[in-house]
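Two complexes, one shared chain (chain A), two partners (chain B, chain C).
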Partner chain A sequence: MQEMILMKDQVAKLFTELSEEYNVFAPIKDNGYIAYRKITNVEEIEFDYFNSKIPPKEILFPQMEVLFEYKTDGKNVIEIEDRKDLDEKNLLFGIRPCDAHSFVLLEQFFAFGNYQDEIFLKKKENSIIVGIGCNSPKSTCFCTSVNGYPFQKDDMDIFLVDLGDKYLVEAVSDKGRELIQRFAWLSKASKADVKKGQELAKKAEDLITTKLDLTNTSECLESNFSNKIWEEISENCLGCGSCSFLCPTCTCFDVIDENAQYENRGRRIRIWDTCQFCLYTLHTSGHNPRNSSIERCRNRVLHKFSYYPINYGLIGCVGCGRCIQACPVNNDLREIIKKINNIKTKEEENIIA
Partner chain B sequence: MPNPYIPMLTIIKSIVSENQANDIKTLELEFKNEEDYNKFNYIPGQFAEISLIGKGESPIGIASSPTEEGTIKFTIKKMGTVTSGFHDCNIGDVIGVRGPFGNGWPVEDMKGKDIVVIGGGFAFSTLRSLITYLLNENHRKDYEKITVIYGNRDPGEVLYRDILEEWKKHDNIEVVLTIDREVEGWKDKVGFVAPIVKEVGPSSDNAIAVVCGPPIMIKTTIAVLEELKFKDEQILNSLEMRMKCGIGKCGRCNIGNKYVCIDGPVFSLAELKKLPAEY
Partner chain C sequence: MKDIELKNQEIENTIKDLAKNLLKDRKVDMIIGYTKGTVPLSSSPIFITREEDIDKLIWNNLCYANLAKYLAPRGPILYNKEGQEIKVGIIAKGCVGRAIIHLTVENQINLENIKMIGILCNGIINRKRIEKEIGEREILETSVMGKNIIVKGCDFEETFPFDDYMNELCKKCKVKSPPKVADSCVGECLESPPLIEDDFNDISDFESKTSEEKWDLIKETLSTCTRCYACREACPMCYCSLCFVDQNKPIWFGKTTDFTDIFAFHFNRAMHLAGRCVACGACSSVCPMGIDLNFITRKLEKIVKEKFNFTSGIDKETLPPMMTFRMDDNEEFMMEED
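Here is the complex of A and B:
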């Protein structure tokens, strides 16, 4: 399909036409950080941004989410109410390629096996992703090491390229094509616009300097489960959990009941949890299968780079670099991977010796 | 597909205190909707997420056997908020149930074999389910000799006393009870489970051993079973793990790339040896 042009000053018009049908989520400035929020006014949208602090995963898998609500007669439950808002349509605007890819991983995970997480899946089904290429990736970005690149559009419905005062608009999926066709007022892109987009893509890719070789990482992780290297890797980890709370592919949650005691009602909610916390795996008996930070750090890395590939045939990391930016002790996932890749097998060591 | 986190509602039909300390109770639950009961098709060894709505949810092994129709049973030790809540319940109270979850004991693969059931302490509930199932008149002919070895700290901790006596009356079953230290009036064995298994000496020929209990008991018992020439594939364990969802989504029950809630809780020793020792 022919690329189109959306002038930045036309976004307001676009928003007006969309907001009746969709909950529009877009990047805004929230307490000094970029965050994806449901917008009510197009003025709120932040057009000049790198990426959000908390990944847009929170739109479809929020930090706190109601599983169901209930009414009691003071002691016993008398009625359970299911979620009623899952059919609402969502438009996610300005999603970066790494985060767009995270939705593919999340969907794969929540649909996997005999049990489907309908809460996430329904929301995902009712969402349309309008993504945008990264003109200037940061030093912590490493999407090109995990099968991505700054202008990767495959995981989006509509792909935008920021050309300064305008966007180059391309429909990627049928869903995206259908939506674009509704806006007859969009102008066609010129050859120069398309060429500029290609140049930006090339320039962006050159800006990513990290190049990790993940070819053998999964096997390497599996065979080095008991390697002493994990002591070194986890030595300065504080167990704060920032890496996983800000990770676009982390899905773990806790479930608790919240009661409005005097109103005879309540709700069961899920809240993000992390394998970096000691309580996460603590049995009631006091036994804890992952009792120290060695096991917990190892679990995070293996989950993304070994268990994910084994279970779903995908790498469980999108290379957004949020865990690297947020770590208070500068533990760098890229360095961890390099250390793992550099573990020599006994045979290799013998040859060298 | 419906919201998988919504429990079915059941009513407590009976409550039995199982031990002298009165911290283990068996709740018998009846489904509020018959449709839910009909959908609740389970095999021994599976578990359910049972909840006291307003307090929370816990994964608990199903103590009843599918052959005991009409209700389901859970044996619960009073430990934390939710399990203490269950202990405070009365007949008629409402309990939420989601499940059945997990793989359960491989009752089909166990057909035609001698079954050696070894249990210690209160981890006996899904073994109760299994033995009840095996002894059912429709199933008994499918299995050969049944040996049950069940150990406890003292006589007051022995669960399901009435049903244990019933089992003894069946043919081709050996029920061996043991307690850790001698107590006046105790007529059965005295000693830890592992040496008693050695003493009983079940044959490993065409047999499956099912082992459930505290980690130290499992460890010592497996050593004895290996002496008795049981192969890793012939030894089954049921693992416990902290869980929230029961459907492989909340994350915490993983051992390597497997989730105890959906890939387990039953694993053969051969399978466990392939997994990292993070359990």
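Here is the complex of A and C:
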């Protein structure tokens, strides 16, 4: 399909035409940082941004979410009220390629095996992703090491390229094509526009300086479960959850029943949980199989770079670099990967010697 | 007055020498210090056991972590594989020293195993404030020049006055190097327990607010909390083996991000820190959402100072108010509104 042009001053018009039908989520500035929020006014949108502090996974998988509410007669549950908002349509505007790919990874988890997570899957199905290429990736970005690139559009429905005062618009999926066709007022892109888009893509890819070799990392992790390297890697870890709460691919949650006993009602909620917390693997007996930061740090790395590849054939990291920026003690994931890859080399050296 | 970066360089050289000697003379088995971060506005705690790694040690105004955290009971740092106690040398700015002294008072560490390498800290940069003000531009390099913090990106350079852009708590700091306790300190330290005079005028703005205004400010400040507990985990005084907020038999505190639950966590934590907080500001420095808890910390400090005339982590002989009682305590304050 022919690429189109959306002038930046036309976004308001687009928003007006879409906001009836869709909940529009877009990047805004919230307490000093970028966040994807449901917008009511197009003026709120932040057009100049790297990426959000908290990944847009929170749109489809919020930190706290009500699964259902119930009423009781004081003793037994007499009525269960399911979510009514799952059929609402969502439009996710301005999603970066790494985060768009995270939705694919999240779906792997929420649709795995016999247990289909209806809440997430329904919301995902009713969402249309309008992604945007990264003209200027950050120095902590490493998407090209995890099968992505700054202009990767495969995981989006519509792909935008920021050309300054306008966007180059390309339909990627059928869903996206259908939507674009509704806007007859979009002008066609010129050859020069398309060429400029290609140049920006090339330039962006050159800007990514972190190159991690993940070819053998999965095997290396598997065979080094008990390696001493984990003591070194976890040494300064404080055991907080900032890496996983800011991670676009972390999916763990805890389920809690909140019972308002005297009001004869309650709700079942889920909240984000993380393998970095001491409570995460604590058994009722008091035994904790992951009793220290050594096991917890190891689990986080193995989950993304070993279990994901084994279970889904995909790397469980999208290279957004959020954990690198957020870690209170600067326990840099890039350095961790390098240390792990280095084990292999050392062993090979020993064999040769 | 010498330039800050020159002083930093001197401090760095001194701590390297002292640390090297401690290791060489087998006075300690390990040095806990700071090393250079991989991203701007950061630093990373490091554990050194070999002399050849001493050069990895750094000192600058971004050494925000309170290293005493690693000495508190939850960390296994003070024991070797055989479960024997080891001796540790620790780079100690004033608040690290205070934390060590207070942990000693609370019988949580054995001061005999610790050698503080004392330094005269000249304040920690408020990294989250700078991060927010730079906004959507990428910081690639930061340095301190003269009286300014220089922040550089690929197409910008900004200058922030150091005195204004250091942590709010550092601005009011009266204990810039660790108070001397027995022979636990080498390097820069305060010879006798300092007399702490504090006007607390930095929170007069907060105090002059009405209850509603205070509530609004607290709400606004904490609204973005994700409950990652980085504040708690960075706090040297948060060493409970199971935090009140993690107790689940029964669940005492809601675990959600509803404001009531967020508020309950932060204010119960604050209350547990009354007379214990050493005002290091690590909680605010590590918050991924840039939440600055300093006004809560300062208010707490003021209450304890006014009601009990106590400052934490200054000397190891005076018991903190929450660890002692007096028969003639009239408890009048409990009736006061504040």
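The rule is short, and it goes like this: the second predicted complex is superposed on the first by the 341 of 353 C-alpha atoms of A that agree within 3 Å, B and C clash if a C-alpha of one lies under 4 Å from a C-alpha of the other, contacts with A are read in each partner's own complex, and residues count from 1 in each chain.
Everything that follows uses one rule, which is that a residue touches a chain if its C-beta (ideal position, glycine included) is under 8 Å from a C-beta of that chain, and two chains touch if they have at least 3 such contacts.
Because the structure is a prediction, the values reported are computed rather than measured.
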Of the partners chain B and chain C, which touch A:77 in the superposed model: first, second, both, neither?
first
Kindly classify A:40 by the partners it touches after superposition: chain B alone (first), chain C alone (second), both, or neither?
neither
In the overlaid three-chain picture, which partner chain does A:240 touch, first (chain B) or second (chain C), both, or neither?
second
Taking the superposition as given, does A:254 touch the first partner, chain B, the second, chain C, both, or neither?
both
So in the superposed three-chain picture, is A:292 touching just chain B, just chain C, both, or none of them (first/second/both/neither)?
second
Touching A:328 in the superposition: chain B (first), chain C (second), both, neither?
second
After the superposition on A, what does A:216 contact: first (chain B), second (chain C), both or neither?
neither
State whether A:48 touches chain B only (first), chain C only (second), both chains, or neither.
second
Check whether A:225 is in contact with chain B, with chain C, with both or with neither, and answer first, second, both or neither.
first
Jot down the residues of chain A that show up as touching in both complexes, chain B in one and chain C in the other.
254, 256
Can you list the residues on chain B that touch chain A in the complex?
1-7, 9, 51, 53-57, 79-80, 83, 93-94, 96, 215, 240-242, 244-245, 247-252, 254-257, 262, 276, 278-279
Going by the contact rule at the top, pick out the chain A residues touching chain C in the complex.
30-34, 46, 48-50, 53-54, 63-64, 136, 138-140, 235-236, 238-242, 244-246, 254, 256, 258, 269, 271-272, 274, 277-279, 292, 324-326, 328-332, 334-335
Once bound in the complex, which stretches of chain C touch chain A?
37-39, 42-47, 65, 69-70, 76, 131-132, 135-136, 138, 140, 220, 223-224, 226-230, 232-234, 242, 246, 248, 251, 254-258, 285-286, 288-290
Any idea which chain A residues touch chain B in the complex?
67-68, 70, 72, 75-78, 80, 82-83, 109-110, 112-119, 225, 251-257, 259, 266, 268, 270, 273, 275, 280-285, 287, 289-290, 295, 299, 302-303, 306-307, 310-311
